[in-house]
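In what follows, subunit A forms one complex with subunit B and a second complex with subunit C.
This part shows the complex of A and B:
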């Protein structure tokens, strides 16, 4: 998992904090893990409402082409986003979905991991608003592309100090639940 | 200014809110003005400390190559960022610098606009933290690539409701001062 190019896409609905999740993943990889990273969001005329996404490309080498084309790991927090953005998922890739909201994940040669991401944020961590950080923790665990320590540092550097504990709890809940869901 | 590809780069130091400025510019162009936009940040091993940047590419057509190569408009909030990121500025482009912090702007065939951006945020708007929104207002005024109304809506949709007035004031201060500085 260390060399080469690795593409991650976070998708869901607008307002779910997916850009922040992408920014934190990019900063974890670069600032704390010493890799190259490009984080981006593309908006078309469909940007108002509906499905939205953010992307991170991580590499040991300079990244010449910063657009995701063969996605290694995809998060989908809504069925619409899953339908729209799972086409580019690589064979052998990872698809993480919210099991309450994505009832019909695609079929294919990839590892499907499902757990109730938003419900975990709401009922176990205590605030729906940290669902993006639960999802980020899960993606860090499943991809292994950045270290857990780097990702936690990157989370804490991006959230208001008053919410440090909440976000750490969210990150860890996502991390642990994703591994349980994958391995069960 | 309507057709074709338009590249904007916001540069300065980490922690100055340049990613947020880029996100807001991208959302103004796409969600509110109906154009295509890609917003991105690239991080290398140098990402820890020092100069940092975020970029937005805006077009009426789908954007195939999302990396800035010939920058139409550059903001530089620090001398280091100005030195590092002004090389790709197009002939005929726009360079906006903080006049207190960038004492040696490059020479070249572009429009140089200088005013004390951070000082405006601190002393006229009342909070240094909104310097990014002052700068954004200035870039909207100077580039004309998104409408003032769209940009204001995009700002207000991205900032906490308690800070609506502060951010509106910051945006308008930047917008007005940039035009004064350019036309004087």
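This part shows the complex of A and C:
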């Protein structure tokens, strides 16, 4: 789609918190960075499981079509989501996958970044539940489409105070690990 | 960050719009993809002195809002798909009794349980003809989060001004997507309140045509007593089968909306002045269409967009005028062909009208619309 338009897709299984990751990305862009952003989602009727996706379009201009069509950056936390949602990844785009859960990433002309996202949340940050924030930190680092400061502010404004440190730690772990994995 | 700016979901904006408009009663039954409207109302209404009731089903919820409205309160209910079907009987009751109320129907795939989380635009005919009998209908189809706020405010205004049910129908994409919204300040948007009776309780009649086609509605609990029934009624509210009264009352109810189309019908025209090809669309698909129109312009094709904002009454006059200028009309919609028939009715053969129809749970993207524009030019 048009040059000013940047499309991000967070995908995985229902219940992994990917819709929230998309919302925070959108908030960082539209409220803190002053850009235009639209976040949307698609999920099945199940409360948990099934392939789920959350999309964010970021642009300097008003956004017409609210869904992703030529994805600039894709996150996949499950093999099913990766198979289902990686088809419209752009040439030259970014694909971030959980290296433990996506054993067969697609081949193509894009940058593939792999690291154990859920395992990082569980063992390094301390709680599996913040895997979505680890993933968000990673996507912020890899795309550079929103500033690190805005994204961190957006994360912290969304979480109860008691969990501020946990989420900050998760965001930073994802941010740093993604850059290491890319540059390795 | 100002607290007037937020990154909100369409459904959340709708609920905040209702509060802004003065809505103080909500009754509903949760259903995807409309539940967020109820969630926000449950949270916000107690803060402004209002009441939220979760009912046993959608039928009861519709009945509850009609009853609450008769006390002079602005009322809202929200539903989707099968819930909208269930509400139809009582929507008819609100039509014949002329009780102001706002119904939000976030459109999902159907019929029946259909595709609960999938987007659709296939309830537009139900909004017009879903309840039986002759009756007017007002239905608004917003396309953005901000517009879902402002159109909900307008829905309340129209309901109160014309003493009628009004339906607000975002498709699931508009209801569930998030965008930046700037909350209007109090007083920034017009808020219309119901006109009460100007005569005393002894003289008052609920359908007193001496006051015009929209007779003033008194509030229960304010000293006025009157009869409310689903039967055809006379101006005192009591049932009648007298032919001349029934005929006149039914005609008045249609006329009060027909005579006000200039006040009610809204639309947006984009690049239509010199257009050869017009795309007529609404809701999220109007956003795809706008993108496609821009693509077409870049490719040297004079395309434009007519975006429907008020679906009922249908913008007949505007589309008729449009058809005198363009060479072809395209109607992309997330159903198997509904708007296309209304557009053909207005175009009356002056230009070919073709549709793009999709019901698989995915939106019609700009690519499909652009391809259709290229084909028909």
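The rule is simple: the second predicted complex is superposed on the first by the 174 of 184 C-alpha atoms of A that agree within 3 Å, B and C clash if a C-alpha of one lies under 4 Å from a C-alpha of the other, contacts with A are read in each partner's own complex, and residues count from 1 in each chain.
The rule we apply is simple: a residue touches a chain if its C-beta (ideal position, glycine included) is under 8 Å from a C-beta of that chain, and two chains touch if they have at least 3 such contacts.
This structure is a prediction, so every number in the text was calculated from the model and none was measured.
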Q) Would subunit B and subunit C fit next to each other on subunit A once aligned, or clash? A) clash
Q: For A:160, decide between first (touching subunit B), second (touching subunit C), both and neither.
A: neither
Q) Who does A:26 touch here: subunit B (first), subunit C (second), both, or neither? A) both
Q.
With both complexes overlaid on chain A, does A:66 touch subunit B (first), subunit C (second), both or neither?
A. both
Q) With the two structures laid over each other on chain A, which partner does A:38 touch: subunit B (first), subunit C (second), both, or neither? A) both
Q) Following superposition on the C-alpha atoms of chain A, which segment of subunit C from the set 91-99, 127-135, 289-297 or 361-369 overlaps subunit B? A) 361-369
Q) Overlap of the subunit B and subunit C footprints on subunit A, residue-wise? A) 23, 26-27, 30-31, 36-45, 63, 65-67
Q: Would you pull the subunit C residues touching subunit A in the complex into a rising list?
A: 1, 5-7, 32, 116-117, 173, 176-180, 284, 287-288, 290-291, 294, 363, 365-367
Q.
Looking at the complex, which residues from subunit A come into contact with subunit C?
A. 1, 23, 26-27, 30-32, 36-45, 63-67, 69
Q: Report the residues of subunit B in contact with subunit A in the complex, numbered from low to high.
A: 19, 23, 26-27, 29-31, 34-45, 47-48, 62-63, 65-67
